Structure formats: structure tokens, C-alpha cells
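Structures incoming, each one as C-alpha cells.
Common to both upcoming complexes is subunit A, partnered first by subunit B, then by subunit C.
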Partner chain A sequence: MSRKPLIREVPPTTWYFRHPRYLRYMSREITSLFVGAYCVLLVCGLGALADGKESYEAFLLALQSPLSIAFHVAAFIAALYHATTWFNATQVAMPIQIGENFVPGSWISGAHYVVWALLSVVVILLAGVF
Partner chain B sequence: MKERLIRLEVFRYNPDTDTEGHYQHYEVSCLEEWVVLDALNKVKETLDPTLNFRWSCHMAVCGSCGMMINGEPRLACHTFLRNYPGTIRVEPLVHFPVERDLVTAPDDFMEKLKRVKPWIIRKDKQPIEQGEYRQTPKELLRFRQYAMCINCTLCYAACPEYGLTRHFIGPAALALAHRYNQDSRDQGRDERQEVVATKEGVWECTFVGACSEVCPVHVDPASALQQMKIASSFDWIKEHLLPGGGK
Partner chain C sequence: MAKSNKPVVWFPFAAGGTVIAFFIPVIALLTLLVAFGKVPAGLSYESMHSWLADCVLAKLAVFGILALSLWSSAHRLRCTCFDFGLRIDTLVAAVLYSAAIVASLAAAMFLFRL
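Up next is the complex of A and B:
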């Protein structure tokens, strides 16, 4: 008897609506766009700085526009979501075995949060906030 | 013991007569303690002997009864009716061709499994007189979790990457490659890397993590794949950035 298996194609553009876990995954992927856009903004700032004082001050003024503030708030939330989901995933990607036991996953993720907090403090100090 | 009328909505496909699948409804009286596999067996025994599905051990060991239960890849023998108050929709595992009703064709997985060489490879085989290759509990722990895989392919049904990109080797096969790479008795990592560290291997994985969420025996294939990505990255750094290719 010949086989006639039924092939069911996956919808290439709407597959992530099939399950909440896929939507969660895609929402995390989308946060990358904000992180990428903010990197481009920083490069633009550096370009303005290289062009001279006048150019840089115009750039700083543009940052104060309502549109810019709205983008910064959105980018900050996206970056927070991206970072926390990544730190929570590190315990999956980097299990640490010591002897006949694995280090608890929360320690691995927790260490990332601690380093993140320390680096943030250093950046804030360098920026002269305090 | 308490009985309940269970409503099942079951995917049907007969390759001799159908060009596409359809759903058939059944109502069977079941005990609350039963699992979905029991309900399917009762349908087959009392209502419809033409219904096809695979099963064997009834104890989440053989990995035969994987199916979509209310849209989630699950073992039918491990899915209790008491957790499903409404109609239960039962379909064949997605991402695999359907042979008949709930029976899928695992050929692609079997082929890919073979490609990662999931067995111990020795470059220097020691004679039998020297005894077995001994291993400490610490060395066993490095791979034990990945050796628990029962090849049920639920992870393939959960993985959108496999559904969209058919050349992807996939979670279970790659996790088993990792299992042997981590084994202190094995010397075959270089051979496996030819398949593992490629775009059809770990680099096709985008870390959705669904494979680990559905694994009935907690193998955590996502963890294995990310570890292999990190190890493969170090290989690349050694080969391309260190003097003498890091040798």
C-alpha cells in the first residue's frame, strides 16, 4: 500500500498567533528594534558632537521634544524587558556545575542583575549625575 | 470512583479517501482518574474501531503517544482528564506529516537523529580486557539530564523554527548530540560539530524555549542548544583569533 501522508504547512507570517508563548517570544524580539534604534540615536549624537558645539547643542535640543521623550520612555521599557528576559534566560544557557551539584539558577541570573546594577551606578557616576 | 462524560474532538484523516483532515466528535463516559489515552482507547473499543493512534507503555516512558491536546504538544498517557473541564481537542503532532488520524510520520526526525551520531565515538578503543570506561558521579551529572530523552518529538511540535525551516536538525537530536559531547567517555565532538555548528544545527535555533516547556521528562533541550552555541563560539574564536588557531 502506498503512503499518502498529509502535509500541514505552517503559516509563515502568522504562526506566532498560534500560542501565547510564541507571542511572548515575538514581543521580546520586537524590543530589539527599540534597542537598535537607540543605538542609532547614540551614534547620531556622537556624529553631532564630532561636528562641533553648535551641532551638538541642536541635537540636545531635539532630544527634549515630546516625540523624543516618548521614544525614550518606550525604548527604556523595551530595554528593561529585553534585559530582564535575557538575564532570566542565562541560567538556562549557562548552567554551572560544581562537583556533584549544579549552582541554583537564581544565583546565575542574580549575579547578572548585580553586575547590571553596579555598571549602571558607574555609568551614572561617570555621567556626573551625583 | 466518579465518572464523567468526556467530549472529544478528534482529528481524522484517511489517506485512502481524504485529501484533507476533518474533526469527528465523540462522547464517552470516563473515570476522572483517567488520562486522554484511556479516553481514546475507550472510543476505539466501544464507539469507533477505525480510529488510529500510537501508544505502548502508558507511563511516559516510550514516547509513542505524543499528540496535540487542546493545541499543546503532550503525551496522551500523561494528560489527565480532570484538568480538562470542557471539550478536549485531540490532533496529530504539528510539524510532522500525518499518516492516518493521530499517527504522524517521524521519518525526518529519525534521519536527523542519525546525522548527529548519538552514540559514543572513541578514537582510541581500549581492549575489552582493560574493562569498562569508568565514570565518576560528577562526570555522569554533566550529561545525565540529556540522556533522559524519550524521542517523543513533542519538542519538534513545539518548535516554530522546525515548523518553518525544515532543514533545522531540531531540539531533541541536538540535545542528544550535546549529551554525547558532554560524556567523558566520548571523543566524537569534532565529528558532530560538522552538523551541530552549522546553520541547520544550533545556529538555526532562535531560543524560543518552547521545546523545554513541553518536554515531559525535563530534558531542557533549549539549555543544551544554548550551551552548544557558546562552545561553538569559543571554537570560532580559538580558530580565527588566536595564534596558530588555538592549537
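Up next is the complex of A and C:
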């Protein structure tokens, strides 16, 4: 009598097409590529700043190339997607219990959104956009 | 007692995820403005230099944001590579974590030189 254990074949490179949930997971995973590349770009900008006024202004000018604009749009969208999914996950990742009851999840995520908005406004004001 | 390097990898990953969520969108918005040719006053050489050269706290903040974001991205990219079917995790992990450490050290050096 032959024993047939259940072995589900999972295609290693295309598994995420099987369910929209997997696709959402993978699209969030891919944002790390843009965010990581963007951080490396920031380090390069810091290097240009350390080199002096000329190289820093050349760096700012180089950012205006069409390729850079496309990359910045992608990086901004990726960062936004990361931020919203991260804040939405906080209520699941760190539920807060007071006595018998749990604090509603929307409060926890909502508090993160409020802090996010405040911090963003402070950074924008510090950068002198207005 | 069982020993694991997971907490060491995980703490900066989780901290970095939070730092990215709070700070990278607004910073990307600022450099997006630069890309469109509208450089905010605070991003001029004089302003950036005076902030970062004089204020140790600003240096620490910039280093903290960059180092944690780099580490978190490296860790997530490692998982992404695995999920896309690249099953050479040890090599991928070594390359990505090294890259994050090198970039963080470079950032620290640049901040020190300012």
C-alpha cells in the first residue's frame, strides 16, 4: 500500500498571482526597493553637502532630470503606501488593553495618523516651503 | 539558553519601519519639489549647512533616520528577494545588510565632516 502524503506544489516565483491578498502583500514588499534606493540617494546628497556648496548645488540640479522626477514620484508613492499600511497595521500589531476592554483599533491607527500629520507639517515648516 | 540573532536584526527593522512611515513621505515630498525645480528655502546650501554643522542633535536625528531606514529597507528587501523565488538567503542577507552598514557609515562620515 503506497502512502500519498499531501504535497502542495507552490510555484516559487509566481505564487503571489494566486490571490489578490498575496498581490497586495507583494506590492507592499516592493516599496522597500524604492525606499531603500531613495535612502541611498539621501546619503549621496549628504555627501555632496559635505563636499561644499558647488557639489551640493550640482546635486540639487541633477535631481531635476526627467529620470529623477520619475524616481521621486515612485519613491513618494512607495513611501506613502508604506506609511498608510504600517499605520493601519499598528492596531493589530500592538493592541492596547485597559482593564477588561481593548482600546478600539481605529483610535490606535488614528493617533498614528495624527502624529504623522503633525510631524509632516513641522518638517515642511522647518524646510521653509512657505 | 538558546541564542538567536533575530532580536538584533528585528529591533532596527521595526524601528526603521516606523521611522520610514513617519519621515520618508514628507522628505520625499520635499525632494520631489526640488526635482520640479522649486527648492524650498530650508534646503539651500547655507541653511542645510548651518543646521547640520552647528547642531549635534540635528546630526544625530539625520543619522538615526537614515541608518534605521536603510537597515529596515535592507531587511525587507531580503524578504522580498526570497518571496520572488531567490532562495540564496545567506548571500542576499550578507550583501544587503553590508550595503546598509556601509551606507550608514558613509552618512556618519559625511555628517562628521560637515
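As a convention for this text, the second predicted complex is superposed on the first by the 127 of 130 C-alpha atoms of A that agree within 3 Å, B and C clash if a C-alpha of one lies under 4 Å from a C-alpha of the other, contacts with A are read in each partner's own complex, and residues count from 1 in each chain.
Throughout what follows, a contact is a pair of C-beta atoms (placed from the backbone, for glycine too) under 8 Å apart; a residue touches a chain by one contact, two chains touch by 3 or more.
The structure presented is a predicted model; accordingly, all values stated were derived computationally and were not measured.
Once the two complexes are overlaid on the shared chain, A:Arg3 sits against subunit B while remaining clear of subunit C. Of the two partner chains placed by superposition, only subunit C is touched by A:Lys53; subunit B is not. Of the two partner chains, subunit B is the only one touched by A:Pro95; subunit C is not.
Shared-chain residue A:Tyr16: touches subunit B and subunit C both. Judged by the touch definition given at the top, the superposed model places A:Pro104 against neither subunit B nor subunit C. By the touch criterion stated above, A:Leu63 is placed in contact with subunit C alone, subunit B being left untouched. Among subunit B and subunit C, the chain that touches a larger number of residues in subunit A is C.
Residues common to the contacts of subunit A with subunit B and with subunit C across the two structures: 12, 16. Considering their complex, residues 12-13, 16, 26, 29-30, 32-33, 35-36, 38-43, 45-47, 49-50, 53, 56-57, 60, 63-64, 68-69, 72-73, 75-76, 79-80, 82-83, 86-87, 112, 115-116, 119-120, 123-124, 126-129 of subunit A touch subunit C. Every residue of subunit B that touches subunit A in the complex is listed here, in rising order: 13, 15-16, 18, 20-21, 71-72, 94-95, 97-99, 105, 137-138, 141-142, 160, 163-164, 206-210, 212-213, 220, 222-223, 226-227, 229-230. Residue ranges of subunit A in contact with subunit B, taken from their complex: 3-8, 10, 12, 15-16, 18-19, 21-22, 25, 89, 92-95, 97, 99-102. Subunit C makes touch with subunit A in their complex at residues 17-18, 20-37, 39-43, 45, 47-49, 52, 62, 66, 69-70, 72-74, 76-77, 79-80, 83-85, 87, 103, 106-107, 110-111, 113-114.
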